[in-house]
Amino acid sequence: MTALLDVRHLAVSLPGAGGQVLPVIHDATLQVSRGEIVGIAGESGSGKSMTAQALLGLLPERAQVSGSAVLDGNTELVGRSGRAWRTVRGTRIAMVFQDATAALHPMLTVGRQLTEHMREHLGLDRRAAEARALDLLDRVRIPGGRGALRSYPHQLSGGMRQRVAIASALACEPELLIADEPTTALDVTVQAGILELFDELRRESGLSVLFITHDLGVLAALTVRAYVFYAGRVMESGPTGELLLRPRHPYTAALLHARPHADDSWTLPEDGVTRPDEAAERRTQPLVTIPGSAVSPAAAPPGCPFAPRCAYAEAACTGELPPVTEVRPGHAVACRVLPDLTEVPA
Amino acid sequence: ACTAGGGGGGASGGDEGDGGAGENGAASGGTLTVSTSFVINSLDPGQVYEATGALAVHAMYETLVTFSGSDVSTPEPLLAESWEANADSTEFTFNLRDDAVFADGSPVEAEDVVFSINRLNNLSGSPSVTVEGLSASSPEEGVVVVSSDEPNPSVPTILAMPAAGVLNAEIAAENGATDSEDAASEDSATPFLDQTSAGSGPYVLGSFDPASEVVLEANPEYWGEAPGFDRIVIKNVDAQNQKLAIERSPGAEIALDLSGRLLDGLDSSLQTSGAQDTFYFVTLHQDPEVSEVTSNPDFIKALRASMDYEGIAALFGQDALPAAGMVPPAFPGALPDSETKSQDLDAARDHLDASGLEDPSVSLMYPAITYRGVDLGTIATKVQNDAAEAGITIELDPQPIAAFLDAQSAGRVAFRFSPQSLNYPVASSLVNNFAPGQPSAMRSGWSAELASPEMIAAGEAVQEALDPEAQDTAMQEWQRLLDEESPFITLAYNSGVVVATPDLAGVEYSPAGWQVDLRSVRRS
Amino acid sequence: MTGPRIDLTPSESGDPVTTGTVPPAPGGDPRTQRLLERRRWAGRLRVRSVSSTWRQPSVVFALILLGVWMLAAALAPVVAPFDPVTQSANLYASPSAEHWFGTDELGRDVFSRVVHGARLSLPVAVIIVGVALAIGAVLGLLAGYLGRAADEVIMRVTDLVFAFPQIILAMAVAAAFGPSTRNAVLALIIVSWPTYARVIRSSVLSVRGADYLAASRLLGVGPVMALRRDVVPNAVGPAVVLATLELGNAVLMLAALSFLGLGPRPPAPEWGAMIAAGSRDLSMWWVSVFPGLAILTVVLAFNILGDALRDRLDPRYAKGLS
Amino acid sequence: MTTVILLFGVTVLTFSLIQLVPGDSMTASLSETALNDPAVVSAYRDKWGLDEPVTTQYAIYLGNLLQGDLGISRQTSRPVLGDLMTYVPATLEIAIPAMILSVLLGTGIGLYAALRHGRVGDQVVRVGSLLGLSTPPFWLALVTLYVFFYVLGLAPSGGRLSSWITPPPTRTGMLTVDALLAGQWMTWWDAVQHLLLPVAVLTCLTVATLVRFVRSAMLEVLDQDYVRAARAKGLPTATVLRRHVLRAGLVPVITVSGLAFASLLSGTVLVEQIFSWPGVGQYAFRAASGLDLPAVLGVSLFVAVVYTLVNLMVDLLYGVIDPRIRLS
Amino acid sequence: MSALTVDDAAVEYSSRGRGTVRAVDGVSLEVARGQIVGLVGESGCGKSSLARAVAGLEPVASGQVLIDGRPVSPLGWRRRTGQDVRLQMVFQNPYASLNPRRTVGSQVADGLPEGRSSAVRHAEVSRLLDLVGMPADAAARYPHQFSGGQRQRIAIARALAPEPEVLIADEPVTALDASSQAQIVNLLVSLVAELSVGVLFISHDLALVREIADITAVMYLGRIVEMGPTQQVWGAPRHPYTRALIDALPRITEAPRLPVPLRGEVPDAAHVPTGCRFRPRCPVAMDVCTEQPPIITLGPAMAECWLAESARDDDRPSDKH
């Protein structure tokens, strides 16, 4: 069975100041199957959003895209004209943005924003569209019915706004939903609700989602497979659990170690009292850091972009691109060294 | 013989004025457009003083006598059929014609004339000065007697001015007019008269907007020859646009401010008519406390000699002339061309040396306006330039007209420049104003004590000469003396010009104050 | 090495017009925004790409234009073939090899007058902008930094001045005091200082809420020192942009006043007055066309430079460049 | 409340300005000869209360003002209110069409430039608007007059109506409207022809500012996530522009339009001068140079009221357009 | 004795639209030298308001802030001197907390005591930069030449200049990437140990607080609803809100499961619910919750909940203090 979305060797570059060309994605290959939530993780500037926008033709004008991205085995997304995109956007691929406040038009009612594309694509009249919008609101658990349709985005809370945005993306029953950090702007308590919603939608409607996040915890909770980006390249990909619990790429591992440990649960000592020195001790070097700071795709060094920061880097790493190795079925790593990472570095 | 001797001729003029001619005129009706730069304050004859007002009032109100065309030497009958003066020119008797009616159909009677002249006098408005010392009475129906405190052969001329227009006393009084002594404070008819005319002329007031236009409409009740147009629109247009407009006009249009330069290259099919009736002059204050420089007689001589009179006249354009004396050539009593002054820089430097002043510097104040299409600043700059050639530094001080007039009447301006025309078209009116000790002279500190006895005597000679020729001669003599010792330097004469589209007849420039007699303009 | 760059200038900073009601910022709720900082700031960094402000063709053009005018002003006596005030009998000569721009109503060489006009207009514009900027800066700083009553009073006064269209007020002031260069300058200063006061006030307000100001006050830096080190340097950027744009505006306004007869006295070769002289007879088009082009080019140069400066100082506008 | 304070301030400011003046309105109104007559002078001073102390003069003025009496113009000897009623419609007749045209053109061109960002069309607009901003208004007016009237003979010279045409009965004071109301088509067409040049010049001046502003506002909007979101929904470009981009871009457009109206009023002073247009601009100029206190005060108040009204309208429009303001 | 004592502090804002908002409503806490106190809570619960009030940037409406037992005077027109500068703050946004127009060195030197020679100041600045792991030559450069993480280090160096006893760090790492975040957190932790300053560490990231704080305070709608040793708060949360926060954290585990959402959102501080302020969102609310909840002390911890009260009843007092 072919993947719903099959992206191969996607490369994107943007026009920079003074006429030079800035690469933002070097070579991305990824797949999303039907009914699957697939994640993309990576630090800021690694090209996550650019990938999403390339898949919907929303890149800045004069951006250059190469490679291929095939939807459902029959629709090539790279190189589409403006008019041709209209048969894809909204109806076959929809998108949820990071900041729902910014992604909803502040001066249009929720109802309007939910129905305008339904009427465009599905040819519904106002009544039918509204009825459908009410359905959608119900599906994303927004209370208030018709009242909610008449309200403006600023009258809703952040979580509700994100639900509206999701409802709007679902309106024309797209085959694929791209969600670009839909929970970054939300509190954890609200984030949990949104994650639950995505999971529910996948279970109930078989929705396929490309879910972008920088939070590995979210990745673990929601996705089945994931891709880790760094400087516009895919560093490691595989089933999420395996990727996060047994990473093979030093970058993935470093990201995991730099993360606060929320995962193991603490239990109280028997007597119910903790001693201050215990905490202090724990803190001496709580997080493992990655030296240096993230590079942007345009400024990435030749060879493995992570090499300058990598504890395991060898001379060859800086020279040429690392080969992609499939360490286990479905688990691919772009690393020349493939060190043993089971031991946490000091 | 005095001017009033024209009475006989006046009678015949009266016949001519009679209705008959109306029918044989060519096409009449339609609209006449008159474009001019507005100088207007009021359309009340008792208050009218400015050029645009005089133009309009003259078409709406009739006077006892009038002038026709460009001739201002011989008054012609209008409301008065005939008139005579007593021997010493202090009492003038006018016999009214009996068929004249106001626009409302009521007859023009002697009381109306008396009321109008006395009201004008008592209002103390701007034009009242011209009738100072005159009073009117009516000894019998149809007869008006105007008496003057001093012998004054110019009384009929004065009474031809638009301000002496006769208004319907009854209607005026109903709307607050009065001719009593306290009219200055009690008369409240001006706002009414700015909206409605109450005269006997061929046109009545349609509407009045002091900023943009005055609309006159034909008076259907007019007692004389039917008016030439249904409407006359007097529009406020600056000189520049007047030229553009009249060149492209479809017809029946008159422009009033196209003089000088603007006439160059004017479409030759247009008719023009003009008269040199304005003089441009500078005044130097004679009080050493105001200015050591301007009160220095040798400095004045130096300045006089330094002016490039030809060059200044050239700035105005083809119709201007370099000055000879003060009286513009349009009026009897002007100096002949042969006496035209010219630049003499050597003499100027000699005079300057004689004055004992070192590098004199003085500021020249003038109103920052464009007058008859000529920017006064341009002329003042030329004056500055000429004086500089003789080693005199002049700084220019343009002022808004209001500030200029203020400073001028306060009488403390050392050196100023302005145009001037006559209050009424008789040369001797200048003596009343500019002779030592007279109002304008006093404003530059030129009192009778400062003047030579000859100067004083020459002025008196003008006043005493009742015969026109004698007066002209005296006038010329007076001007020659002015050139010797007065603080006035006349620079150039410029003409008032009317330009009209070719389809008009009866368009002649009049130096009498109303510029063009709208009553006589018709389609040819 | 490039100098320090401003990360964030107040949003209304360089707008050509900053008066009137300021619309509320179309942002979302503050909470989300705070959580989004990470993204937002990273985004900002991207936009501030290598600045090539001084190499854009339009800026080069403006600099050359301005350079030419400044040279003309400085070297007017050398450049101009005739004395600007010397008259000749050759009135209204049309442009020719001898008189490139023809002669005017007094036979003066229009080219020489236009060149000398720069000598008058440029310094006068600098004076107007300089003084108005100084007044506006002081009052704007006081209003923004002291706040409360001072702010209220100063802002009401600026409101008052803004309630008049600039030219009408300038005209009234100039007419009241009589025409002269000094009075025209005075009038233009009176009408223009409030713009600076407002712009500086609003940038001070944005600095006043800035964390770095709070930080240095917490460290024990006194209010005056903080004003000098933290507030002023960060508030001047927009004012500099505005001043550049206003230089052009000052040239325009001076010409307008002169045109109405309320500017420098004759025979000064002022461009507006020259246009007025030409307007009295349009058939002598050269008398007014050339001074008009002079104003146009000078103001254009200032506007281009002002734009470029703004784009440089405020990344929001950098998008406007290409 | 602030409006009242503002208007009060305007009267105080104008009043004190006029007191500073060296000249005296009297000399501007009376002839030279009349000034020599002490009786006339004192009658005049009496009539205008010029002998009272300044504060009393001001108090008298303010008292009358509260009763809707703006005093009598010394130049026209007519009530200032009446004068304003005559001249304001004339000015509005050019200002309103110019404003409407500016807003329409400004928005259209600005949006076009934003959409063509960085390409030839955008560059042309940028250069054009810069030129528009840098052109002296009076010079532009002169040049258009020269070209369209003097050289080409396409436009009438100046004024509001050809003189051979009788003005329609006054109802609004705006000739085009009055002519329509009276059903006089010829008159209407003539009035329209007279409007063309002044309106075109005023529009040129305002549209430049607007275009620049709209362009940068639209660039900003085009870069917003909600526009990207609308495109991602697969809406046709025209819908995205109309419903999403324009609506959001309108808020800044309204602000600048309000301001542009004020600068347009400034522009009328010079433009009216050149096109012999009998409007408030010319009235203001004459009042200022004639030191006609009541008239200057009247014009100032008028302008201040317009300023306030425009601000008010801008605020109201915000409310109409932006629910965040309406609902808070 | 504690370096910083906050005693029943309240912060109020009055704005035209909302009336008076009590953003912080009676908060008491203490920070000792060498201790990290973590403050967590959802967005808008008043964390920053509290931080700013404690630092003196905002006046307290009631209650008091003491440093070493002496009250801190709020920032006014006076210069801050002596005791007051021993309380310093690190801001959330490293891009806005450094003056873009001054060199790094001059900004760090702001906090140095006056009257020292420039050579000494220079050396001092180098020392401080070194302390936060920045090269000495950074002093001569401008903030825009540094990345976010580096700027945050500089901000910390600046805050350390007057040798503070307590640092208030308001979400110091929220604006940073994962890798820089870890670096800054480690830096803070090591500084606490080396210089024995106290830190009030504010974050909305519970996991991070848990990682470094000795004491964790959980704030909800202007009040601290639970506070205690970190391990205790995490291991046995007494307040349903704390529990909900912990449950909502996504985790990386062998058996992936979705985090548990907490219904509703933080109400507007202008409309605080009556009784227990968490009641409308509380999964275990009872009738008694319409009354003010009791403030319960449990050993070194406290909680503001009726359930905690019953928990105390269950807990036989084993230790005394």
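The letters A, B, C, D and E name the chains in turn, as written, and every chain counts its residues from 1.
By our rule, a contact is a pair of C-beta atoms (placed from the backbone, for glycine too) under 8 Å apart; a residue touches a chain by one contact, two chains touch by 3 or more.
Chain-to-protein mapping (UniProt): A, E = ABC transporter ATP-binding protein; C, D = ABC transporter permease.
Keep in mind it's a predicted model, so treat the numbers as computed, not measured.
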Next item on the list: Quick one: how many steps at least from chain C to chain E, stepping chain to touching chain?
Entry: 1
Notebook entry, point to check: Across the interfaces C-D and B-D, which one involves more C-beta pairs in contact?
Noted result: C-D
Checklist line | For chain A paired with chain B, centre-to-centre distance based on mean C-alpha positions, whole Å | finding: 92
Notebook entry, point to check: Distance-wise, how many Å sit between the C-alpha centres of chain B and chain C, to the nearest whole number?
Noted result: 49
Margin query: Touching at least two other chains at once: which residues of chain D meet that condition?
Written below: 21-22, 117, 145, 150, 248, 289, 291, 322, 324
Check: Among the residues of chain C, which ones contact at least 2 other chains?
Finding: 26, 31-32, 35, 38, 42, 175, 178, 261, 279, 282-283
Notebook entry, point to check: If you look at chain A, which of its residues touch at least two other chains?
Noted result: 44, 98-99, 102, 106, 154, 158, 187
Check: If you look only at chain D, which of its residues touch chain C in the complex?
Finding: 2, 5-6, 9-10, 13-14, 17-18, 20-22, 117-118, 122-123, 126, 130-131, 133-139, 142-143, 145-146, 150, 209, 212-213, 215-216, 219-220, 223, 248, 251-252, 254-256, 258-259, 262-263, 265-267, 269-270, 273-274, 284-285, 288-289, 291, 296, 299-300, 303-304, 307-308, 311, 314-315, 318, 322, 324-325
Checklist line | Touching residues (chain side chain A, partner chain D) in the complex | finding: 53, 56, 58, 61, 82, 85-91, 94-95, 97-99, 102-109, 116-117, 120-121, 152, 154-155, 165, 168-169, 171-172
Item checked: Touch list for chain D against partner chain B, complex -> 21-37, 39-40, 43, 46, 75-78, 83, 86-87, 145, 149-150, 153, 157-160, 163-166, 276, 278, 282-283, 286, 289-291
Notebook entry, point to check: Mind pulling up the chain B residues that touch chain C in the complex?
Noted result: 239-240, 243-244, 261-262, 265, 311, 314-315, 368, 370, 373, 375, 377-378, 380-382, 384-385, 395-400, 403
Checklist line | In the complex with chain B, residue positions of chain C that touch it | finding: 85-87, 89, 91-92, 105-106, 175, 178-179, 261, 265-267, 277, 279-283
